[in-house]
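Down below are the structures I want you to see.
In the two assemblies presented below, subunit A is common to both, partnered first by subunit B and then by subunit C.
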Partner chain A sequence: MNSAIGKLYPSTKFAVLLLLVILSVFTPGYMLQYLMFLVVLLFSLCAGTARQFLGTFFKSIFIIIIFIFAIQVFIISNEDAQPIWAFIHFSQTGLNDSLSMTSKIVAISSLVICFFQVTDIKDITFALEKSGTPRKVTFLISSTIQLIPQMSALSKTITDAQKSRGIETEGSLLIRAKAFVPMLGPLVLSSIQQTEERMLALESRAFSSKAKKTSIYEIRKKPADYVLDILCVAGLIAYIAWRVM
Partner chain B sequence: MKRGIKYDFSLLALLLIPVGVSLSVVGYQLSTILKLPVFVDQIGIMLVSMIAGPWVGLVAGMLGNVVNGMLNPVSFGFAFVSMALGLVCGFMSRWRWFTNIFGIVIGCAIINVVTAMVSGVVSTFMFGGVTGSGTDLVTAAFLATGQALWTSVLSANLLTGTFNTIINFAVSYIIVKRIPDRFLVKLNYGMPYIKKKGVR
Partner chain C sequence: MAVISLKHVSYQYPLEDHKVIRDISFEIEKGQVWGLIGANESGKTSVCNIIRGFIPEIYRGTLEGDVLIKGKKIEEYGPGERASIVGYSFQNPFTQISGVKETVYEELAYGMENTGVPREKMKEKVEELIRIFHLEKLRDKNPYELSGGQKQRVALASMLALDPEIVILDEPTSQLDPKSTEDIFEIVKLLKEQGKTIILVEHKVDLVAEYCDHILLLADGQVAMQGKTEEILTDPQVLVCGGQLPQVVLYFLEREKRTGKKNKIPLTVQNVSFAYPNGYTAVEDVSMAFEKGEAVAIIGQNGAGKTTTVKLMNGLLRPTKGEVLIEGQSTADKTTATIARKVGYVFQNPDDQIFQESIYKEISYGLVKQKMAPEEVKRRTLDEPTAGQDRKSTELLGAIGAGLAKKGKIVITITHDMEFVVKYFKRVIVMAEKKKRRDASPREIFWDEELLRFSSLKQPYLCQLANLLGHRDILTIGELLEVTV
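The block that comes next holds the complex of A and B.
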């Protein structure tokens, strides 16, 4: 996040993301969309997140794309299907369909993955708050992101504690399923207790107050952000003009 | 009783949303640790919508998928499924369906049908019938028998969804029953689950 791209203002990054998503959704064919993957890869190389980006991409999107190809090309019975073996056949329509579908998925999801890897959640919530989003919404987003790792750590502790008391986590399906509630129950109850405490803490710090609040964390728009914003709008107008003509 | 969206979002309900989202994540992790055949990843949404109402459930569902979507953008598309689940489950809880066994059975069936339909629409139109999970193999099996894409996706979702819904509902119901009364009274929708007689 300390790279030139990472230091941009969140809304600027979002404008670039939006422009590229619009480009990949409304351009026919699939070359541009697959090219978008390389563009995003270039971005993340500049931002120094290329390894994370590739890791996330291949763990999530790549699998679903393979599934789409397998089902659309070999299994769905289109009219032009040529049988290969038993229920497997090859279909050109399926191939075209899946090319146009997967190309859009690849483009949009690589853009989204890259956006969240180069943007700090803290920056996003700050920018949202500054643009007038209710405080409750931004609080919800940031507290959810913070709570998930806490809860999984707590669940690991509870699992270990229950194991030391002799709960069975291996064996037949029924035994394993029975272990589920004792592992989850304490987690829910303790997190509910924490919820009450957190509510008191927030109220005593005037969370519900309507007064304007200041933030100890500040980020500002730099000249580069304004230039990029204008470039994005210009790019969008140029694209619409080119598509309409 | 006066009820509206603003009434639903009390500070306590608001604080329950992150808990629900992370419970779903933890439930998913636990079911992989215990190597269970179904993913118990909807308990958080069900729990929150049962005790905090339909609109809070809807937001919890959406937020859970958005948080997941930061790592795996496919789940942005399936946010509609979680939102529908939270909404339907919350309304049933508001109508006190979950206080008797008959209501629970009918409620589970409706939840299953609704989530299967929404998930079918999303996966057919956005991902060509694929969800990226084990359901795809069932879909492929239906397709191999020569059925159309839409019917295969829907029947695969209904089939796998039945187990999923029952198990998710059972776990979240057991947990709701374990929540102490003194917490339930503070919630707008906690009344049907209070154990002490004479309060209702």
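The block that comes next holds the complex of A and C.
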């Protein structure tokens, strides 16, 4: 978050994200959308998050892309399907459809992944609260993100407890799937129980207070933010005008 | 006016078929520290939830009677307002973290953010809390990554950021190790000094006895006993009502049962502090108790407060806080000469107390003045008696002390002679920086290297030799020979 991109105000980065998503969704074809992936990669390089970005993209979105291509091109039966072997065939229509579908998925997902990698949740929360978002909403966002690693640690503790009781958790996929079920109950129950205590703890911190909230943390918009905001609005107007004409 | 007042309060949870609290009434004055004790399910947490306002606002159910906080009904306070008046901390350190802040620094500010405290004031307050709660090394850490004891400290500090006048601590140490427990009780002590009104729910009744002025014992949802700590926690009725008594009290009750003799602890020093008129504090919050027939060594570096402490015992000095009790009676209204009949004192420098022409006259002087026979003198204090003594004299002094203890006297000796301590004492009290640091056997003391380092003390030479030879917990030549030969 120490890069020039990381230091931009969250709403500025969101404005850029929104503009590029709109461009990706409403521009016909697939070249711009695939190009967007390269643009995002460039942003990530400038922000110092390229490795993270590529890691997340290839572990998640890439697999979906491959899957769509495989089904559309080789499995779904179109009029121009050319048989290869058994039920596998090649379809140009399928290839065009998958390019169109996947290009939008690649563009939008790349933009969203990059946004969250160059923007601290703390900054997002501050910007949301400053814009008038109720504290309960920002609390939901922040606590969910913070809670994920804690839930993961809790599930490991529960798994260890189950192992100590003789439940087999190691071995084939079927054994591990079976072990998943007895882990769910305690995980859900302890989460519910913890919710009650956490609620009391929040009340002890005046969570329900009607006073105007303040923040010990602060970020401010800089001139670069204002310039980018103006450019995004201008860019959107220009794009709409071009599409209409 | 009482800050907390419950009058004929009863409560029933939704879906329950009985009342968990039945007709409870009590009042707590400002600055008092109340221990709330009782068996599990006796209603302690429910009482805390009522005072805090969680009942009935969050838990619903049926609440009867009057609950007044600072003279006003609890429901008349707004939700955020209550947090600023009544702070609440409970036993699970994990669930007391807000879950929305990435650092301890921000976590401490969370409550103040919710109540609209300006940024600069928040920063000041957070820095103050970090200093008081020793959180310097943790300020940039994620609260979730802290240990249980650290989380509990952060949770307490976060709650106190709102500066509530009333603090409720519901079993704050139940999931903590002894060191973390001690840290939390240091905080309780600090809150007490700040004049906060505290309600402490704890099963560790020995600690409750040390820190609380008053006790409220609940049994089956009702008040079974309430009153001053020293009255309640010495009454065996507490056990009948499902409560616990401190170990010391249990010991004396058992001894009374076996010997048939009523016990009063012969000499007790209770939370005494002493400051000179120029403001210099020589002793701070020291407590110790001595039984008949005990020979106890008090050790510590110069200036640790040893001599001041023993002078407080015999009335040469009077505590500025706390009290000294002889056979359960305070010495506050007794003259030094009267106390001298029970507590004898031998000075460090023999020249300071010898002024007669002959030994016979010297010995009989005090007894004649007090019209007392020797056997009436129950205790003697020997202040650094082996300083300047040769081996034979040292052994003679040690033998005299042991002999007195055998006769049922309490012999308290201040000494720097660690070998003397090992040979003649079964109990050692270490003092350092005006406080009592540890009270244990010589073996435990002289092998507690951290304590010795902190107190600028050295092990007896034999222990040092044993250490060099790679052996621990050795006190005597015989023991060392056993492991080396």
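Here, the second predicted complex is superposed on the first by the 225 of 245 C-alpha atoms of A that agree within 3 Å, B and C clash if a C-alpha of one lies under 4 Å from a C-alpha of the other, contacts with A are read in each partner's own complex, and residues count from 1 in each chain.
Here is the rule we go by: contacts are C-beta pairs under 8 Å (C-beta built on N, C-alpha and C of every residue); 3 or more make two chains touch, one makes a residue touch a chain.
As the structure is a computational prediction, the values presented were derived from the model and not from experiment.
Applying the stated clash criterion after superposition on subunit A shows that subunit B and subunit C can sit side by side. Once the two complexes are overlaid on the shared chain, A:K136 sits against subunit B while remaining clear of subunit C. More residues of subunit A lie in contact with B than with the other chain of the pair subunit B and subunit C. By the touch criterion defined above, A:S60 lies against subunit B but remains apart from subunit C after alignment on the C-alpha atoms of chain A. With both structures placed on the common chain, the touch criterion links A:A206 to subunit C but leaves subunit B unconnected. In the superposition on chain A, contact is made by A:L173 with subunit B only, not with subunit C. Rounded to the nearest 10, the angle at the Cα centre of subunit A between the centres of subunit B and subunit C is 80 degrees. Once chain A of one complex is fitted onto chain A of the other, the partner contacts of A:K122 are limited to subunit C, with no touch recorded for subunit B. Of the two partner chains placed by superposition, only subunit B is touched by A:I71; subunit C is not. When the two complexes are overlaid on their common chain A, residue A:I22 makes contact with neither subunit B nor subunit C. Legend: residue contacts after superposition of the two complexes on their common chain; A:L231 is shown touching neither subunit B nor subunit C. Judged by the touch definition given at the top, the superposed model places A:I108 against subunit B, while subunit C stays out of reach. Think of it this way: put the two complexes on top of each other by chain A, and the tightest Cα contact between subunit B and subunit C is 5 Å.
Where the contact sets of subunit A with subunit B and with subunit C meet, they give residues 139, 143, 146-147, 150, 198-199, 202-203, 207-208.
Within the complex, the subunit B residues that touch subunit A are 9, 11-12, 14-19, 21-23, 25-27, 29-31, 33-37, 40, 43, 47, 59, 63, 67, 69-74, 76, 127-132, 136, 139-140, 143-146, 149, 171, 174-175, 178-180, 183, 186.
The part of subunit C that touches subunit A in the complex is made up of residues 52, 54, 58, 78-84, 87-90, 92, 94-102, 105-106, 109-119, 122-123, 126, 144, 155, 158-159, 162.
Taken together, the subunit A residues at the contact with subunit C in this complex read 121-122, 125, 135, 139, 142-143, 146-147, 149-150, 194, 197-218. Listed in rising order, the residues of subunit A touching subunit B in the complex are 56, 59-61, 63-64, 67-68, 70-72, 75-77, 87, 97-98, 101, 105, 108-109, 112-113, 116, 136, 139-141, 143-148, 150-152, 155, 159, 169, 173, 176-177, 179-181, 183-185, 187-189, 191-192, 195-196, 198-199, 202-203, 207-208.
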